[in-house]
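Which chain is which? They are A, B and C, in the order written, and residues in each are numbered from 1.
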Amino acid sequence: MSMSESASTPATSGPASQEGFSPTQQERDELRRHGILLTSLEELYNWGRSNSVWPLNFGLACCAIEMIAASMARFDIARFGSEVFRPSPRQADLLIVSGTVTKKMAPQVIRLWNQMPEPKYCIAMGACAISGGPFKQGYNVLKGIDRYLPVDIYIPGCPPRPEALLHGLMQLQAQIRGQKLTGPDRPRHLRADTGCAYPVPEFGAHDLEPPANPEVWQAPSLPRSG
Amino acid sequence: MTSPAAPSSFPSGLPSSPGAHVRAVHDDFHGDLLEVSMGPHHPSTHGVFRMIVTLDGERIVRLKPVFGYLHRNHEKLGEQTTYLASMPYTDRLDYLNSMTNNWAYAIAVEKLAGQAVPERAEYVRVILAELTRLLNHTCLAGFLLQDTGCSGTPLMYAFREREKILDLFESLSGSRMMCNFQRFGGCRLDPTPEWLAAVRQLVDGYGRFLDEFEALISGNEIVMARTQGTGVLTPALAISAGVTGPMLRATGVDYDLRKVDGYGVYPRFEFRVPLGAHGDTYDRYMIRILEMRESIQILRQALRDLPAGPILDPKAKNRGFRPKPGEAYGRIEGPKGEIGFYLISDGSPNPFRYRVRPPSFVNLTILEDMCLGQTVADAVIILGSIDIVLGEVDR
Amino acid sequence: MESLEQIRERLLARFPDAALTVIANPGPAGQPSLLVGSPHAASIAAFLRDDPALRLDYCSNVTGVDWPDREVVETIKRTVPPPPPAAPADPSAPPVTPKVIEEKVKRHIPGYFEVVYHLYSMALKHGPVILRTRTADRTDPASLPSLTPIWRACEFQEREVYDLFGIRFTGHPDLRRILMWDEFKDYPMRKDYVEPDDYEWEPTPHGAVLDKARRHYPAPPESR
């Protein structure tokens, strides 16, 4: 997917495009068949990163059991290079928010995210992590982790099957492979103007303070007046 | 004993990890004590559980559990929804054992409304509950051994078997984990003969898996050295603290609700209640293995005697269900202990009070007593042997 | 096991000045409960635990119940005597029957907090005996005696009742919030708890959700 993209949009970036030489995907495949690997630095870099996404060994609720199941022999997340579940956030690339984020837990989740080095990615696994899910109306339930963190992939389900998690991981890999190293739309970790730390909310007397990070999340407006 | 020099305090502004927050506390009597916050992000705590442990060297002198990181307001939501709508929520209490949670809730509501259950449904409930017990105890053995340091392999074996049982649950109810299968007055669907044949096949093969698992683990010298004599619990303390389930029976107290209450059709089956002698971590592991063998016996008998008939009481009313005012406490022997539901009805479609009696939450009462004097590594396996699921502890 | 009435009789013989009421359960479950006055709750609990015929050594379930103020409309039938005849009685007139008037009377039942204990015996394998303790009203701080010194099982469950209902247990060794954070001020399981207003738009809004959203978010700009 990414290779065809970079081949079809050669004008924006990449060393190959600067030379004015942009082989099509077909030509690349033909060359590869003859033992010649034609690639760009961007492609190689993203290929390497996308196939070694190490998740944080961090489970919250029901979805965590399916996350463990995905790492076991039947579903075998190792096929996608993500079997190395790191206990320390300092060594992890991917935060899988697997389950309900309660208001009591939310500051810890954000701290873990802040401790992860860039480049880092966040998957909201399951209905609870996306929106609060069935527990949305609970007084202690955060209505979606995207109120505080930038989420890359949402995986619906309650809980999502391990296959769904694998599909989400593959979507994330495709996203990583499509990233540009230069240019205005380069990812967060290659920009100087963005930090990797997000404000951690405080425990208030009635709710978290603030209840959402305005830089990441804005309340949607009412779609109908009636 | 002196602890390694730890910084007295972090410079302010530095983000401190919740799992590795370490600070030295000074105590005139014991020299330097070290306070360690284990969790809520900790690979061995089975979810978002947190313990504040005070250490003298490597020995634990104080341990305070901190709950609530998965407090999802089950009870409040249960009071805001109808009786039937709470059934899917019970799946998510102890998310390894949705079938037994469903049954406990169904029993409480059936008591509240005086609802009868057809015989076939009672047998199907027993089959599902015992499959759930196999599932839970197998996973527990895997997780416990993961905690002792057998990284990966036992858990892989356990999850291999778990997938087999989950396939059965999925083909019956449509969902792997959140089965939402019981209804007030029976079950939602009737199992097909093919499904029952698949269960029979699984049950026939399960003994072999247990033999294999035990050959690898039960007599293993390292496992015995780690678990025997750690986390000893006395029967008197266990009873006073309301400990139930395999934890209680590992101390030698004969209290199994399947025998004591005789709910459902359990009095019709022949099975034994395994009892421990020492109340240590090894006994708690062994009790679960033995209970699985008894579950296989129960499953064989239930599959043999399963009668024909309706699966749901034709008079049962699940939608628009409004029980008369009153209250009821219903409980069953879940895989983790006594899971009960206490319901107060005021005649409206919603329960006035909806209370879950969570076994693993109450079993955690004596965590500190079991861990005192042990090492940090032991605290991890003692916690593992209690068999907690945070969805149920915090609700 | 003896019935709750018999237990009450024996308890009254042992604690003559204790307030003990059997609360009937109108439902089919048939689990009546025993309302115990606060001053004697701990000693009665210890008696129930140690009595050789009962030996209720296992306290299974502890929970709080919030009963808000209620208004009960009761229909009372009242017989009104016939008005005294103004004129001297006419013997030929039919006898005046007394009138029966049905009156609807509103009765205000003040609210209270209640803590329910489900007791079983592991030694004799019987139960349940259900104990209840009640506060006089719903004013803060509500306070009830703790039974943790009798049964360790109450320790965390009473802390939970304190956390969610705001009932202080006197004699509890470690009464802190257990599920919510320490800075939290509300008691969310009370019936009059108001949740923080962080509701968001739902794709299929219904009346209550729309009302909340309208309060919370600015109205969309008028288009067309």
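Basically, contacts are C-beta pairs under 8 Å (C-beta built on N, C-alpha and C of every residue); 3 or more make two chains touch, one makes a residue touch a chain.
A quick note: this is a predicted structure, and the numbers were derived from the prediction, not measured.
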item: Chain-level touch network, classified as line, ring, star, complete or other; value: complete
item: Between A-C and B-C, the pair joined by more C-beta contacts; value: B-C
item: Distance from subunit B to subunit A - Cα centre to Cα centre, in angstrom; value: 32
item: Separation of mean Cα positions, subunit C and subunit B [Å, integer]; value: 30
item: Whole-Å gap separating subunit A and subunit C, where each centre is the average of the chain's CA atoms; value: 49
item: Of all residues in subunit A, the ones touching two or more other chains; value: 104, 137, 139-140
item: Two or more partner chains touched - positions in subunit B; value: 68, 71, 73, 76, 394
item: Where subunit C touches two or more other chains, by residue; value: 179-181, 188
item: Residues on subunit B engaged by subunit A in the complex (per definition of touch); value: 15-18, 40-41, 43, 47-48, 68-73, 76-77, 80, 88-89, 92, 95-96, 155-156, 159-160, 162-163, 176-178, 390-391, 394
item: Subunit C contact footprint on subunit A (complex, rising order); value: 103-104, 137, 139-140, 143, 203-207, 211-212, 219-225
item: Residues of subunit C that touch subunit A when the two form their complex; value: 179-186, 188, 193, 195-196, 198, 200-201, 210, 213-214, 216-220, 222
item: Subunit B contact footprint on subunit A (complex, rising order); value: 57-62, 64-66, 68-69, 72-74, 87, 89, 99-100, 102, 104-105, 108, 111-112, 114-115, 134-135, 137-141, 158-159, 161, 197, 200
item: Complex contacts: residues of subunit B adjacent to subunit C; value: 67-68, 71, 73, 75-76, 111-114, 237, 239-244, 253, 255, 260, 323-329, 331, 338, 340, 342, 344-345, 352-353, 355, 357, 361-362, 364-366, 394
